[in-house]
Every structure is written in C-alpha cells, then in structure tokens.
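Right after this note come the structures.
Below, chain A partners chain B and then partners chain C, in two separate complexes.
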Partner chain A sequence: MKRAESILIPFGAIAAGMIVFGIFCALAGANPLLVYASLWKAGFGSWYSWQNTLVRASPLLLCGLCTSLPARAGIIVIGNEGALVVGGLGAISAGLATLSMPPWFCLVTMGIAAMLCGGLWIAFSVALQHYRGVSAVISGLLLNYLAIAFMNQLIEGPLRDPSSLNNPATYPLTPDHRLAYFSGTHVHHGILFGVIACLIAWILVDRTTFGFSLKISGGNVRTAQLVGLPVGKLVVIAGFLGGACAGLAGMIEVAAVHGRGNESLNAGYGYVGILVAFLSRQSPLGVLVVSVMVGGLLASGGMLQRAHDLPDATITVLQGILFLFILLSDTVYGRFRTRAHINSGVKANAVAV
Partner chain B sequence: MTRRELLAGLAAPALLPAASTNQPLTVGFIYNGPKNDLGYNQSHAEGKATLRRFPWVKAIDEASVPETVAAEESMRDMIFQDNASVIFATSFGHLDPFTIDVARENPSVQFFHCGGLYDEAKHPKNIGIYFGFIDEVEFLSGMLAGLSTRTGKLGFVAAKPIPQVLRNINSFTLGARSVNPRATTKVVFTGDWVLPVREAEASSSLVDQGIDVLTGHTGSPRVIVQTAERRGVFGCGYQFDQSSMAPHGFLTGAQWAWGTVYVRIAEMVRAGKSVTNGTIPRRLTGTLKDEFCKLSPYGPSVTEQSRSRIAAAKASILNGSLEIYRGPIRDNEGHTVVPAGRTLGITDVALDKMDWLVEGVDGRAHG
Partner chain C sequence: MRQPPPEIEAVGISKIFGALKVVDDVSLRLAPGTFHALLGENGAGKSTLVKCLMGVYQADAGVVRVDGTPMHAGSPREARRHGIGMVFQHFTLIPSMTVAENLVLARPDLPLIIDWKAEFTRLRDFLKQAPFQVDLESHIANLSAGQKQKVEILKELYLETRFLILDEPTSVLTPQEADEVLGFLRRLVEAGELSVLLITHKFREVMAFCDSVTVLRRGRFAGAGRVTALDPERMAAMMMGEAPEGRRVDKVPAKRGAALLQLHALRAMDDNGLEAVHGIDLTVHEGEIVGIAGVSGNGQKELLEVIAGQRAATSGHITVSGELHLPTRALLRKHRFFVLPEEPLRNAAVPRMSVAENIALRVFDKPPFREAGFLLNRASIVNFGRDMIQKFSVRPPQGDAPIGDLSGGNVQRAILSRELSSGEVRVLVAANPCFGLDFKAVDFIHDRLIETRNRGAAVLLVSEDLDELLEIADRIYVISGGNLVHETTPVDADLAVIGRQMAGSH
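Let's turn to the complex of A and B:
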C-alpha cells in the first residue's frame, strides 16, 4: 500500500499540475494538447531531444542531492545555488593552479576543491541550525546572496582575466584540462558524476547504519539522542555531503560547460535542485528519475516559445505549478491508507459477525 | 535543381538572388532576457520585428536564454527543428563557448554575435561580429542633461565598471560638460545587469543628494527613468525608448537601432553572400551616422532652444566636425588620458579597453 501510494500520489500531483498548466496555456492562446505534445517531443521525442534533456539533467542530479541528503536528517537546505557557486569558484581556482599538471590530476583536484567548498558552505549553514538554532532555510538563502556577491567580487577582481573586457571572467582552462563529451553527442561526462552520486547516496541512506541513524535523527532528535547517536555530527556530515554534491555541480559547469569561471555559474540550477528534491520526496533514486523529467521540461522551454508563441516565462510557470501541487500532495500521504485500514477493519468485523 | 538552374545560379548569383530556393530564409534570434524589458533585449526584439517587411524571411526567436548550455541548445534547436540558416546571438556571454561550439558543428549556418572580438585562431569562420558605437548618442543625451539641470548634478546608475559602461558614463559626462562646464556626474554601480530594486534605491538616493537628471546603464534603465519621474526630476533613457516611463520628465536617451543591422545582413545572405567566405564583413560595426543607434524622442519639457542646440551638435557629429573624444581629456584622478592635440575616433580600439572615468565624474572605475 505504501509503495503504491508513493508512486500514485506524485504522478497524480503531476497530472493535476499539467491540467492546470493546460488551462493556463489555453488562456494564453495555445492549444494545450499541442503544448503537451511539444513538451514531449522537445524533451523526450528523439535521441536529439534526449541529449538536450540529459545535459539539462546533469547539474540537477547533484543539486537535488544537496537538498535531499540533509532532508534525511530533518533539515531543509535551500542553499544549493550558493554551494554550486562556491564549488565552481573552488574548482576554477584549483584548476588554474594545477594547469601545469596532467589533465587527470587537474580534474581530480578541481573536483576535490569544489566538493570541499560546497560541502563546508552547506555544513556551516546546517551547523548554525543545529548548534545555534538559526534556521538553515534562512541562513541558506542569505548565504546564496553572499556566494553570488563573493563570486562577482572575485571574478571582477583578483581572479579576473584582464582580456575579458566586457564579460568579466577568470582565465580559461586549456581544452585538454576540461571534462570530455561522449563522442558523437553534446552530452558531457558530468552526467556520470551525477548518476554515480545518486547511486552512492542511495546506498548510503537506504543501506547503511549511517543512513539509518540519519533517519532517526531526522525523525525525532530526542529519540536519537536517547539512543546515543551523535546527532550534531550526523546532521553536519549530511549537510557536508549534500553541499559537496552541489559544489561538484559547480565544478562540472566550470570544467565541462564554460571552461572558465564567470557570472553564468549563477544560472538557477540550485533552485531547480530544490524542486527536484521535493518532487522526489528526498529519495536519491527519485532524484535520478525526477532530474531527467525536469531536465526534459527545461529543454522544451524554447520549443514552447517558438512553436506556440508562449511567453518565455511559461516554463517557469509550469515549474511553479508542479512544485505547488507536489507540496500539496505531501499532505495527502497516509490518508488513503487509513481509509483502507478502516475499510479492511470493517470487513474483518463483518466476517467475525 | 536542374543543371540549367545550377549554371544560372553560378553565373549570376546577384541577379537571381532567390533562384536557388523558394524556401523562406529562416533567421533565429536568442535574447538573454525577456523581450519586453523596455531595454537591451527589447531593442533586439524590435530589430527582429523590422524583418517583417521581407516576406521571404521567417524570423523566430527565444527570450530569456541564459548564458549556459541552454544557449547552445536553443541555437541547435533552431537549426535542426526550424531549419534556421542564420542565427543572431544577441547577448555578450552567448559567444564563448556556446556560439563557437554550435558554429563549429554547423559550418553551413551563419552566426552573428552582438559584441566581442573575433579571434581567427580560436573561432570558426562562420561567425561574424556586429556591434554599435553609441558614445556619440550618449554625448548628445548628456548635452541635453547639461542644458536641463538646475543643480548641475547628474546621476548615473550603472551595472558594472566594464569598458562599455565606462564609455557611456564618460561620453554622457563629456556631453553635459560641453555645454555646462560645472556639471558633474555621480555614479553608483549596482553590481549586476538586472537589479530593479537596487536600481530604484540607488536612483532615489541620488535624488536625495540633489541630483536632478538621472540616467543609467543597466539591462534596462526603465526603473531609473521611472524613479526620476516619481521623484520629480529629469530622466534620460538608454538601450530602448523609455519615454513612456516618464511622461513629464523624460528628456531623451541613447537607444539601439538593431533593425539596420538585421535588415542589412538578411539582404546580404539572400544575395548569396556569407561571412564564411568573407563577402559579409567579419566585423560589422556602425555609429550614429550608420543608424546603428539613435536619440530617443524628446520629452515635453525639452525647450525649442535645447532641441536646436542638440540638432546642431548632431549635425556636427554627422559631418565629422565634432569628435567627442578630443584631447586634452583628463580622468577624475588627474591623469591625462587623451593628450592635447590628439583625438580618438569612437571606433578606436583604445576606447574598448577604457578603465578610467573622466574629470567631472564622482565615482571609481575600479575596486
């Protein structure tokens, strides 16, 4: 029953969201059925659109984990964007410092630096909540602003390549020190990092004692403390791991997409990651599926503009509607079960009588 | 295509421009922000709209395309799904690496990027650069500000201290001081291209300091002009015509006229020319004279006398007798940046590296 619920409710919420979105499209003068068809075609209709979808999904996988891992320990993290940005900055700094080294060494250093930066960023925000009672939601939001300001300061100041006149950026990585693409496609290797991270996270939270202790701390702090779990350490580590994922997403942006650090690091992937985490109900395997789904949605945004003359904000509207429905649907969990229990109870009584 | 058609096409491409194809020429545009921003993006969308006059052009566009893989994807989609053979990437950050990558994959498609420098070593041959020099229009707008101010204090809300922005602050100030030598410009940098709330705060605080003409250079200075109107001071626009934001206090503004570029390139492509073989210039730039940019319509409070002075100055710019970067020019730290007797033409590459603010500007060009 529980399993059926965890599949039916999200899909029901998505269906309801799509219906409301269809009404929105109709009001904007587009035929909703054709819009759905376009969404499908542009997101999943061909190998070409699948490539677009996978490219879009790649940062979302890691940014989704940034919220879903600490959520296991009962902490809502929304500082994904900031963690991605500082991760990207850490990566480009480390990358530029090791340009004289062989590419594999440079890339590994970039990855480690990015994960450290992103991890510490979120761990700090989580620690503030656990030890000092400052809500991680608030501190995460504020830290996002801080990270973006910090990035602008570095990119327009000490890290700036003086030849990047009208588009301030850091010095570039050399082409052989960048992440490669799958041959014959425009999908970069970054997606592998995301998939592997999701699988590791799944094993960690669902198949280890660490994951179990996290769940206990998230479920009830007092109980966790009573059974002697080091709750503080657990939640901070969960925050660190989540942040490390978002930081890695920043590294991928730098090493695969931009080849340098610039203000485009702050492209909103972190915020979409929050959506992904909630849509997947904080499950790492769910993040895997939902990232691809949301990636497909994002990839079809352009088609909606060109084929249906819908405004550019349409895809944001769809995201917003879906997010609302998913959050609403969270309140429905368990209701069906109770009714089913009551029903089966009634039946049992009837039989007894 | 028959052999005769092929031969005719080879023999006289200029005489028979459309002989080889009955398909419309599909032209794709990508903008970084919304196309109704009353600013930079709308100036390009308006440029795209001028292509409607050609029944043989099918122009498509995508707005709010960020400078990420999304830009690559939009360009590829236009090529593969809509058959676009010309792409205009209008935002500075769309070039490297996105336009470069997609151009390399699609050598038969021509790409034109707004701004930046072409690097023969790095960039594929099917990329052209187009841009406008708007300094002279800013100069005229500054002149009108200088003629209209009562306090002699002008305010400039700017996004970032990059050369393009510094050029506008400086030419605006040079214009103002050419008619009102005591005029000064106070600059506030907001730090980013689209920060409406901070732009409004900065504008308001400038008015509190006695400034009575406000202008700016952000993605869209709409909010700046709007705040000027609300606070009862004059406003000068930028990027696009913002006169609707200030029915009383609007003076004028410097705005882009990208339609000139788009019409010209579309005609060249139709005539069989291409940037790949060099028949379309690799770098297509223009000034006020080339109608790449223009002055916004005057607001109601601009006097006849001011109008005729601006018209005279504009005529001198057009006939070449008024050059705005004429030495001696000193920066606001006392260094001579253009020595006496020397004049920098506005297309001079030295100006593309501008890192100073001219005397009379209250602000700092770097950290």
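Let's turn to the complex of A and C:
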C-alpha cells in the first residue's frame, strides 16, 4: 500500500503539473498536445535526444543527492547551486595547477578538490543551523549568491584568461586533461560519477549503520540524543557528503562540458537538483530515475522555443509548476491509506451482510 | 445560558486498520448528564473508539446519533458543532504559542482579526471561575505535562463543550490534581451542564467519580454496568478476561552497595533561560531505588533532560562509579546507563520508524546488527524486535508498523523492552514510567524496576505518583522549586510533611 502510494502520488503530481502547464501553453498560443509531443521527442524520442538528456542528467544526479542526503538527517539544503559553483572553481584551480602532471592525476585532483570545496560549503551551512540556529535554507540561499560573486571575482580577476574577451573565463584545460566521452557519442563519463554516487548513497542511507543513525536524528533529535548519537557530527557529515556530490557536479561541468571555468557553471543545475530531490522523495534510487526524467525536460527547452514559438523561459515555468505540485502532493500522503481502508472495510461489511 | 448536554448514542461502531479490526461492533449509549467510564487494557481500542465518536476517524461501520439524529461521520468540526469536545491522549496544544493564544485559536468562530484585548478580558473572566489557574502568558513548550493537561481541559471548558471526552487525562496528573480536576467536572455533571466520557486505567477514579462503565477487550464490547453494582475486581476481570494471575517479583531487603550514580551540584536552565535546577547533589547506590517526588514543573523535566543528554547542564556533572558520565554512546554503554523518559513517543522514539527499528536503537551499531564494520543487518533487527515484542507483550505483535501508530501503553512497552532488554543494566533512570498504563502493565513495569534493583543496579525514579514511590522506592526525595528539599524513606514517610514540602512551604 505504502509502496504504491510512494509511486502513485509523485506521478499524479507530475500529471497534474503537466495539465496546468498545458493550460499555460494554450494561453501562450501553442497547442498543448503538440507541446507534450515535442517534449517527449526532444527528451527521449531518439538516441540523439537521449544523449542530450543524459548529458543534462549527470549534474542533476549529483545535485539531487546534495539535498536528499542531508534531508535524511532532517535538514533542508537548498545551497546546491553554490556548492556546484565552488566545486567547479575548486576543480578548475586544481586542474590548472596540475596540468603538467599525467591526466589521470590531474582529474583525480580536480575531483577531490571539487568535493572538498562543495562539501565544506554545505557542511558550513548545516553546521550554522545545528550549532547556531541559522536555518540552512536561509544560509544556503545567501551562500548561493556568495558563490556566484566569488566565481565572478575569480574569472574576471586572478584566473582570467586574457584571450577570453567578452565572455570572461579561466584558462582552459588541455584536451587530454578533460573527462572523456563514450566513444561515438557526446555523452561524457560524468554520468558514471552520478550513477555510482547514487548507488553508494543508496547503500549508505539504506544499508549501513551510519544511514540508520542519520534516520534516527532526522526522525527525532531528542531520541537520538537519548541513545547517545553525536547528532551534530552526523548532520554535518551528511551535509558534507551532499555538498561533495554537488561539488563533483561542478567538476564534471568544468572537466567534461566547458573545459574551463566560466559563467555557465551557474546554469541552474543546483536549483533543479532541489526539484529532483523532492520529486524522488529524498531517495537516492529515486534520484537516479527522476534525474533522467528531468534531464529530458531540460534538454527539450530549446525545442519548445524553436517549434512552438514559446519563450525560452517556458521550461522554467514548467519546473516551477512541477515543484509546486510536488510540494503540494506531500500533504496527501497517508490520506489514501485511510481512504483505502475505509473502502476495504465497507467491502468486508458488505460481504458479512 | 448553557444548553443541556446532548444524548450520544453509538451503534455498531467498527474500525479497521490494515488487517486489524481495532474496534469491532461496539455500541454505547450515554444519557445526558452522566459521567461514564470507558475501560480496557492497553491497545483495547478505547482511543480509536472515541476518535470515531469525535469524528477524527471515520468509522468503517456504525453510526453515531446525537439526540437521535445521525451525525455526519468523519468530521470533528461537526462534532464540535454538537458540543462534543475531546482531550486527546497526546497533547494537541501548539508548543510555540502561549496559553492564551492556544485557548483563543481553538475557537471555531474565530474572527479574521483578533481583538486581543477583548479576548484577554474574556479569558480572565473565564479563568476566575475555572477550577485551576494557569499563567496565560507562558509558552506551552515550557509547561510540564500536568500543566499542559490542565490547559487542554480549560480549552474545552472555554469552548463550552457539553459532551466532553477525556482520553486518560489523569495519567499525567498527581492523584491530588486528578481529584481536583475530576471533582470539578463531576460537579458540572451533577449540575446538568456536562456529560463526560472518561478513559482511564485507574479504578479509584471510576469508583469515586463515575456513574457507569463500559469495558472493551481486544476491540470488542466486554461488559457494562453501573458503578454501584461493580467493584474493581469485577472490572479487572472484564478487562482481562480470565487472565492468569502473573507472578509478582518480591522486593528483596535492601542491600545497599557502593555509590553508583551521582549528581554533583547539577544546575540547568529551562527553555526561557531561567534556572530550573538549582544545584542538585544526589547519590544512588547499587541495589536501591531512589525516588524523586514532586509536583510537575519543579525542575524534574529539566533534571531528567540533563541526565538523558537532551539538555546541557549549566554547571555540575554526573558520575557513575566516580567516573565522569557524558551522554555519548561509548559512555552510555560503558556505564550501562539506560533512561526511560516520560512521553516516550516524543522523547524516546522515532515515530516514523518501525517498532522493531525503535527497539534496536541502542544496539544497531553492535554485532550482530552491524556487519563487516559498517553494514546494517536488517534481518537481525527484525528478529530482535520480534523477540522483544513477544517478551514485553507489545500489541499488535507486528514489528514493521510505525511505532507512532501504537496505542500509548504499547509505545511505553516497546521502549521499555529496549531499555531493559539487556539484563546488564547498571544505572536506570525513569520518569513517570507508568503514565497511561493499565494495571497489569503497571505491575509489570514495577516488577521490572524492582528486578533491576535486586540485580544490583542503581535506579532513579522520578514520579509524580507518590503512591508509586512509597510502594517501590527505598529512599524518597522531594523536589520543589528545583531543589531537593526533603529526604525520607517509605517506612518513615510522613505524608503531611511530604505534602507540605511538595507544595513548597518549608
């Protein structure tokens, strides 16, 4: 019952969101049915669109984890975008510093630096909440702005490649020091990082004593204290792990997609990651599925503009609508259960009569 | 003028949760102006039945009639309109708000803009003729359980409820407080202004205040009658069926050993930053039960939270056998230190997690629950849970239900099984462990506490039930205003002196 509920409700929410989005499109002068068809075609209609979808899914996988891991410990993190940006900056700095080393060494260093930067970023925000009572939502939001300002500082200042004229960027990585692509595709190896991270996260939260401790302190802090769990340490570690994932997403963007650090780091994957985490109800395996779905939506953004003359921001509207419905759908959990029981009860009585 | 109370009639009520028929074809008729008791052991379905009356749950079968007309099922609002109100077993006040705010916000006809000045005048007038006083300005979160319960009852009176359902209102009150509250309600009933349906586990209250009783057993009707025609033995027999007499544990003569649990000049603040515990020194030796008696709100809550690791002491410390004790997992284990706090669902359980998982909270990171250094063995958690559920007769016996769905008494049993399961307890601290338990369960818990003491553990028992302390403690302290003001033993205890000390007039 509960399992059915946890699948039915998110899909119901998405369906409801799509309908409202359809109305929006109709108002904007496009045929909703054709819009749905293009969304599908652009996201999943061909091998080519699948590749686009997967490229977008890789950072989403990692950014989804950035919210869903700390959520296990009862903390709502929305600083994903900031963590991704500082992760990307850490990665490019480490990468440029190790360009003279063999590529594998350079990439590993970039990954570690990115995870450290992103991890510390979110750990800080979570620690503020736990030890000083500053909501992680507020600090996460502010830290996002801080991260973006910091990025602008670096790419326009110390790390700036003088040859990048009106689109300031850092010096580029050399081609052999970038993440490789699966042969014959434009899908890079970053997707592997995301998938592996989701699987590890799943094992961590579901199958380890650490994950169990997280669940306890997320479920009831007072009980966690009673049984002697180090609540502060647990939530900060959960924050660090989540942030490390988002940081790694930044490294992927730098090392696979752009090859340098520039403003495109701040492309909104972090924010969409929050949507992914909520859609998947904070489950790492859910993140795996939902990221691909949402990746498809993102991939179809340009198509909507070209084929239906809808504004570029349409896909953002869709995201907003979906997010709203997902949050709303949270309130109906449990209601179906009693409903179903009532029905089964009525049936039992009818049989008895 | 107040209207007379309605006649309430429930016919053939059934309620099913999952595969479990929790209430099975129960009927009940309450004439206007009666004080009726609903009895039954933990998990018998009492709370569920009254929630169906109140419209919190929609019954799967049956109807509720108010003055002969069927009530639209499943709507607490509708029940309210008919003057039916309920004080729940778990508190429903909003913790972050003040008493006044809670009372006013409960009004169903609340205007869009609240005229607080007028409301306060109304409240003060109302409080003038209320049976007990509370500070309108204090925040609910800072009130003790007893005080919260009084506010819950005041709220119902304030809403002019004419049919009041009380789900174990006295399990968090001292006998004196309970008499005060029930006596007041009794007078309203006799004046023809109120009907009361009281769920309780205390026969004393039934005999003293109620007109008639209905007894449930495992969700079914098990008997009813007028109180004058019944006695506690008969009622107990109806509750339990032909239950075999359990063997009680004897309290062996005290063999007081070395000092084990010691509190050294412990100080702590309440949530408002006022000092609530004023430097308490206390020693509990091996093989003794030390009781702390007192009226709720005298620092017991804060003291217990410090001991449980849920509140930081402002100064002072705790030792076990002379070694510093801190609430870390390593030291809890080393000192074999266990705590049974009050309100177990809030303080000692994770409501969303299953019963079996909750039972494993102390042990999940030790083999065999931990494998290969960091993996969780779910199967062994399930097995362990099943064992404990059986040993401590938790009902229903399925370990995979969320513990938040259990009846109040069964939550307590599940937590007890966790804290007492390992026979190796050295220090046990308990706070009002018998709140809301049926008499069989109370005996069961007292037996476990005595057994633990007989094995040489140090037991600290904070209780608002003086009779409980007189029955099982070896030494008793009285706490008042955050200080231990009096020490005595059950044998030498002078109730008049204790009463005066508890009231703070020393």
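In this section, the second predicted complex is superposed on the first by the 340 of 353 C-alpha atoms of A that agree within 3 Å, B and C clash if a C-alpha of one lies under 4 Å from a C-alpha of the other, contacts with A are read in each partner's own complex, and residues count from 1 in each chain.
Here, contacts are C-beta pairs under 8 Å (C-beta built on N, C-alpha and C of every residue); 3 or more make two chains touch, one makes a residue touch a chain.
Keep in mind it's a predicted model, so treat the numbers as computed, not measured.
With both structures placed on the common chain, the touch criterion links A:Asn52 to chain B but leaves chain C unconnected.
Judged by the touch definition given at the top, the superposed model places A:Gln225 against chain C, while chain B stays out of reach. Applying the stated contact rule after C-alpha superposition, one finds that A:Ser213 touches chain C and leaves chain B untouched.
When both complexes are overlaid on chain A, the residue A:Asn166 reaches chain B alone and has no touch with chain C. Judged by the touch definition given at the top, the superposed model places A:Gly157 against chain B, while chain C stays out of reach.
Listed in rising order, the residues of chain C touching chain A in the complex are 14-18, 57-58, 60-61, 308-310, 327-333, 339, 341, 346-353, 357, 361-362, 364-365, 369-370, 374-376, 378.
Across the complex, chain B meets chain A through its residues 34-35, 60-70, 72-74, 76-78, 80-82, 92-93, 97, 101, 105, 115-116, 160-164, 191-192, 352-353, 367. Those residues of chain A that touch chain B in the complex are listed here as 42, 48, 52, 55-56, 149, 152, 156-157, 165-168, 186, 253, 257-259, 262-264, 267-268, 298-299, 302-303, 305-306, 311-313.
Interface of chain A with chain C (complex): residues 1, 207-213, 215-216, 219-220, 222-223, 225-230, 338, 341-342, 344-346, 348-349.
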